[in-house]
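First chain A sits with chain B, and in the next complex the same chain sits with chain C.
Right, the complex of A and B next:
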């Protein structure tokens, strides 16, 4: 039993989480989804992120769910993100089901709950496909095309640049706490709860040195941005045009759009005819 | 091309001007080194050249700075940036885009140059990074990141490049690489180069002129070699002239070299000067008794550690690795970046679990020892001291571990440590805001607070200027008696020679050599394999006499026959 709990703690170690986050950000840049034009994906997301909320046909939702599950698979999303998704969706509805049954509900409650969890699942998987499958830099260009301010799109791709540095530093600061601090004894059940509390406490405390170190770094970054003419670029319409020039829709994009439209239409027909 | 006329600059709120009536001229095509002790205004001077001062950093400025005859005060930072490139000392923070080509062409894109990608590509070619175009920044090594920061500036095709301590963070192999790139840019592309540099060996080999600054003033500007021969003036400013030059000066004073001799600054010049001298017939290399412990302290046996790669399969850092460390040893761990030095240290601390094999501490498996007990006995000081500061004062950081462990008189012990590392006056300051040397001393104090019997130091002299480095080496020597077993991972061969009693050379996760300094430094095969260079004076000595083993200037001057004796 203790070996098992050690094992779970090990899986949730900061090192593992770091690898997963990095994998998610940089490890899937050669997938079908990552190669697509961000403008198409964002438009696609506008449909799959909003429309499911207004549907309540189980068959249609199921078919849409199958479709976004496939796109998520294509995006090669990191396992950690999927785990969080599953835990999120099913704990939520599973809990509702329990409460409903406890307060006198019956099997008929299952259907509305299923509808709701399908809605949440479709929207979440669509978000995961777009925001996790597409590399942040492309996402930023896509947003820029749709008229988002340049500062926002620059921030997204800058975050993409410094993420590994921050993760590394955060890990080392946490290790500092671990080496110098004293963890509560965690053999008993209450000890384990206290231990968990302690872990959460040092994770929160570690943000303070992390922020100060980042502030120290940013002095050079700000000067370098000035030298590299970032301030001029924001005011210059030509630069925006140059940045957007690299967005090119290819065959794959039209194919993806076509498949999406056909799948949705077929799904609508199928659900109308059979249910 | 550069003309500075009577420039005085005071930062807001500062009592004294940082630059005081500075005048300087730099011709086109020069390769200029700016030297001077810490805080003498070198970086400030360079920032007036690219217009960051006065346009971006405010302050009180009088006098003029002319670039190609144009007054910088009348130009904006943007148009200056196309003429003057600047590479910071903390160059990593100057890289703002996620991929290599993107960062190299970022400035050109911002200035709306239509061919921005080609320009970025050409700059990468000039810096030898064309293979890395589509890599992410985090996949680059430290040296490659520096080259990228340089390429990002070079893409704008400036006429002048300024580099602030370009090699402070690099191992000697990468340092040469950077200077070769700069030399090529200077000679074949006509770019004027200004470096702020402490390493006089590099100035001797690469620079054309040298400017010495002191307290915000320029003392002189001289041809580089002539400048390096002014040994006394340099030492007064805490600059260490090439060891060869100092040795020649001592020999001159002793009457071994004739008074008219021009002091040599490089090994090649040294060969000509020293080659004429008579070597002592009875020279025997001093032998330092080999100190090897007998009692096993830490044992690594059959260790396998894999690095979890972001893409593709994980690859091994260590594969069936074994090593014994004995009580009382003073070990230097050397090897190029990525050889596994830091991983080895983290294994000892139990911060990394091996996939196979075990690490034993005094015969007990570290996996069975509670983390708190381990950190009472082993302490690790990171390469980056900022990551050790988790409280907002130095005092708070030093006492943290003792307080958590309810050590009785922790206040008294903290005071002792503050005294030992000369930090009393800084006790209430935030560690991050100290100078490089102070930060390093504070991190050492944090490291030994619990009185560990094993101390692990990761690159304790990295990023320090030479004067501060000497000071830290002195501190480390003083620590020898405080902690029983010490292991230092380092690129700093001076530190290795002065301090280490056992040297372990790692390459790609394997121990390729293990012995004392004589054994390691005379093994040219090993040196070439990991790209390390012994201190210049050692190299000089062995060029004159193959069995010579000179680690210090004294040992070197001892090679020669004294006139009085013969």
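Right, the complex of A and C next:
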């Protein structure tokens, strides 16, 4: 068990996660998707996030899947996120398939499961395209434009800024705990259990200094916000309009919307004629 | 005197607690999202068990800010940042986490009372888990039309869900929520509050209206729970509708109709939201 956990921890070392998440958040400002108007993308997501659940036609779902796969490719999403997506889809439907086969299912069970996994795949790829392909600041202003609470859009912008710092700090604390402590011997079975327990204990203890440091930091942040009059600004319509002025629909946005509509219509026609 | 104490928690301090709880719990859920779930015997390690962070904060500071911060942090860090946003289904988690953490924070009057801290933290976990369990059971009950007539189905659902829930509360809840909270609260008490520029909480500080379980809190919790059920069921109907009426859904005409309907719903929602935003803009 602990061998497994060590293996997982090796592959998903904090450094690795940090690079991937940072790459996902900041590394793709120059893609087609990142350059688009967030309002269009959010409306696009409303369609691709809801409609596939109501479809039952394999051909249509496949065509939609191809489309969202292309948009995901355009968004240059980090590999880690794609890996999580694959694990998610397969753990959901692969498990069902195994159970179905075990209880005497045959080839006919494959089709409904394919439909199911296609639905899940289309919806999650659409959400990956929008939420992971868009620049966080743009995403936040897009949500604000649709009337989401200011707290949410503030949280998104803030989260992307604070995450790298927090991760580095957490890593440093963990390393210093590890340097000062002696890890228990983990050759025997009970030793392994003790080792796992030790690791968990360190992680929990590491939150003590982390909480104190983050408290200092969040005070600084909020005081800086107060100095700039944040709480009055979010209630003022004029400030909001000024903030959202940067949102401008360009040629690329109309082109993208047009292509989406045409693709969906063609897919519907093709699937109705041939299947 | 009373007036002065009520004003002790200012808006900006609430904001600080919100930011603190959001970043810490967000970071923790980000890790648990990335590290696959694994099981040792009956004990399962997963997201819920970092709940000790918001629980600790809600006992030391203003409970509602800590609870909302934790739920927002989970939504932003682990769902939106990783592109795993699941739409309406996420609302259930958001509301149950908020209610659980808030109730736990309200229960503790004096953070130095270690027994109360332990009791409150396990109550918070239990409330959150029981609500999740109830939603799961309801989901199956409403999705299968003749729930009672399928032999053995009701029992098996109750047994598996009930067992998973009891296991989560008794093993993981005690090991990874109650004990860390009992370790952290007394250590942080009196140390972390000055960093946010406030006085440590004690029996006399006012954290809202009178009693622990004022009627307002109970009603709001129940309402929130109702919303959670509704959201989860709505998120689920998309799938179960098609599952029930497979023959009906096969015909192209019906499919086209469903498709058009869904598109219409999306468009209407879009229109309403847009109009609201515009109205609000024009209001000034």
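One rule holds for everything that comes next: the second predicted complex is superposed on the first by the 232 of 275 C-alpha atoms of A that agree within 3 Å, B and C clash if a C-alpha of one lies under 4 Å from a C-alpha of the other, contacts with A are read in each partner's own complex, and residues count from 1 in each chain.
Here, a residue touches a chain if its C-beta (ideal position, glycine included) is under 8 Å from a C-beta of that chain, and two chains touch if they have at least 3 such contacts.
Since the structure is predicted, the reported quantities are computational estimates derived from the model, not experimental observations.
Peer 1: Label the relationship between chain B and chain C on chain A in the superposed model as either fit or clash.
Peer 2: Fit: chain B and chain C sit side by side once superposed on chain A.
Peer 1: Here's one for you: vertex at chain A, rays to chain B and chain C, all C-alpha centres; what's the angle to the nearest 10 degrees?
Peer 2: 90
Peer 1: Of the two partners chain B and chain C, indicate the one touching more residues belonging to chain A.
Peer 2: The partner making contact with more of chain A's residues is C.
Peer 1: Please indicate which partner A:23 is in contact with in the superposed arrangement: first for chain B, second for chain C, both, or neither.
Peer 2: first
Peer 1: In the superposed arrangement, which partner chain does A:263 touch: chain B (first), chain C (second), both, or neither?
Peer 2: A:263: touches no partner chain.
Peer 1: One more residue to check, A:223. First (chain B), second (chain C), both or neither?
Peer 2: both
Peer 1: Once chain A of both complexes is superposed, is A:160 in touch with chain B (first), chain C (second), both, or neither?
Peer 2: After superposition on chain A, A:160 lies in contact with both partners, chain B and chain C.
Peer 1: Once the structures are superposed on A, label A:238 by its partner contacts, choosing first (chain B), second (chain C), both or neither.
Peer 2: Both partners, chain B and chain C.
Peer 1: Look at A:87 in the shared chain and tell me whether it touches chain B only, chain C only, both, or neither; answer first, second, both or neither.
Peer 2: second
Peer 1: So in the superposed three-chain picture, is A:175 touching just chain B, just chain C, both, or none of them (first/second/both/neither)?
Peer 2: first
Peer 1: A:211 contacts which: chain B (first), chain C (second), both, neither?
Peer 2: It touches chain C, and chain B stays clear.
Peer 1: May I ask you to decide whether A:145 touches chain B, chain C, both, or neither, giving the answer as first, second, both or neither?
Peer 2: Second partner only.
Peer 1: Nearest CA pair across chain B and chain C in the overlay: distance in Å?
Peer 2: 5
Peer 1: Go through chain A and flag every residue that touches chain B in one model and chain C in the other.
Peer 2: The answer is residues 136, 158, 160, 205, 208, 212, 216, 218-219, 221, 223, 225-226, 231, 238 of chain A.
Peer 1: Taking the touch rule as given, give the residues of chain A at its contact with chain B in the complex, in rising order.
Peer 2: 10, 15-16, 19, 22-23, 26-27, 136-137, 157-158, 160-161, 164-165, 169, 172-173, 175-183, 205-206, 208-209, 212-213, 216-221, 223-233, 236, 238-239, 242-243
Peer 1: Can you tell me which positions in chain B touch chain A when the two form their complex?
Peer 2: Going by the criterion above, the answer is residues 50, 52, 56, 77-78, 81, 86, 88, 90, 92-99, 102, 106-107, 109-112, 114, 116, 136-138, 152-153, 308, 310-311, 349, 351, 353, 371-372, 375, 379-380, 382, 384, 386-390, 400-401, 404-405, 430, 432, 446.
Peer 1: Which stretch or stretches of chain A touch chain C in the complex?
Peer 2: By the definition above, chain A touches chain C via 1, 4-5, 8-9, 12, 17, 21, 24-25, 43, 46-47, 49-51, 53-57, 77, 80-81, 84-85, 87-88, 116, 119, 123-124, 127-133, 136, 139, 145-147, 151-152, 155-156, 158-160, 162-163, 166-167, 170, 196, 200, 204-205, 207-208, 210-212, 214-216, 218-219, 221-223, 225-226, 231, 237-238, 240-241, 268, 272.
Peer 1: For the complex, which residues does chain C have touching chain A?
Peer 2: 11-12, 15-16, 18-20, 22-24, 26-28, 30-31, 33-36, 38, 40, 52-53, 56-57, 68, 72-73, 75-77, 80-87, 176, 180, 183-184, 187-188, 191-192, 195-197, 238-239, 241-242, 246, 249-250, 252, 255-256, 258-259, 261-263, 265-266, 269-270, 273-274, 276-277, 280-281, 283-284
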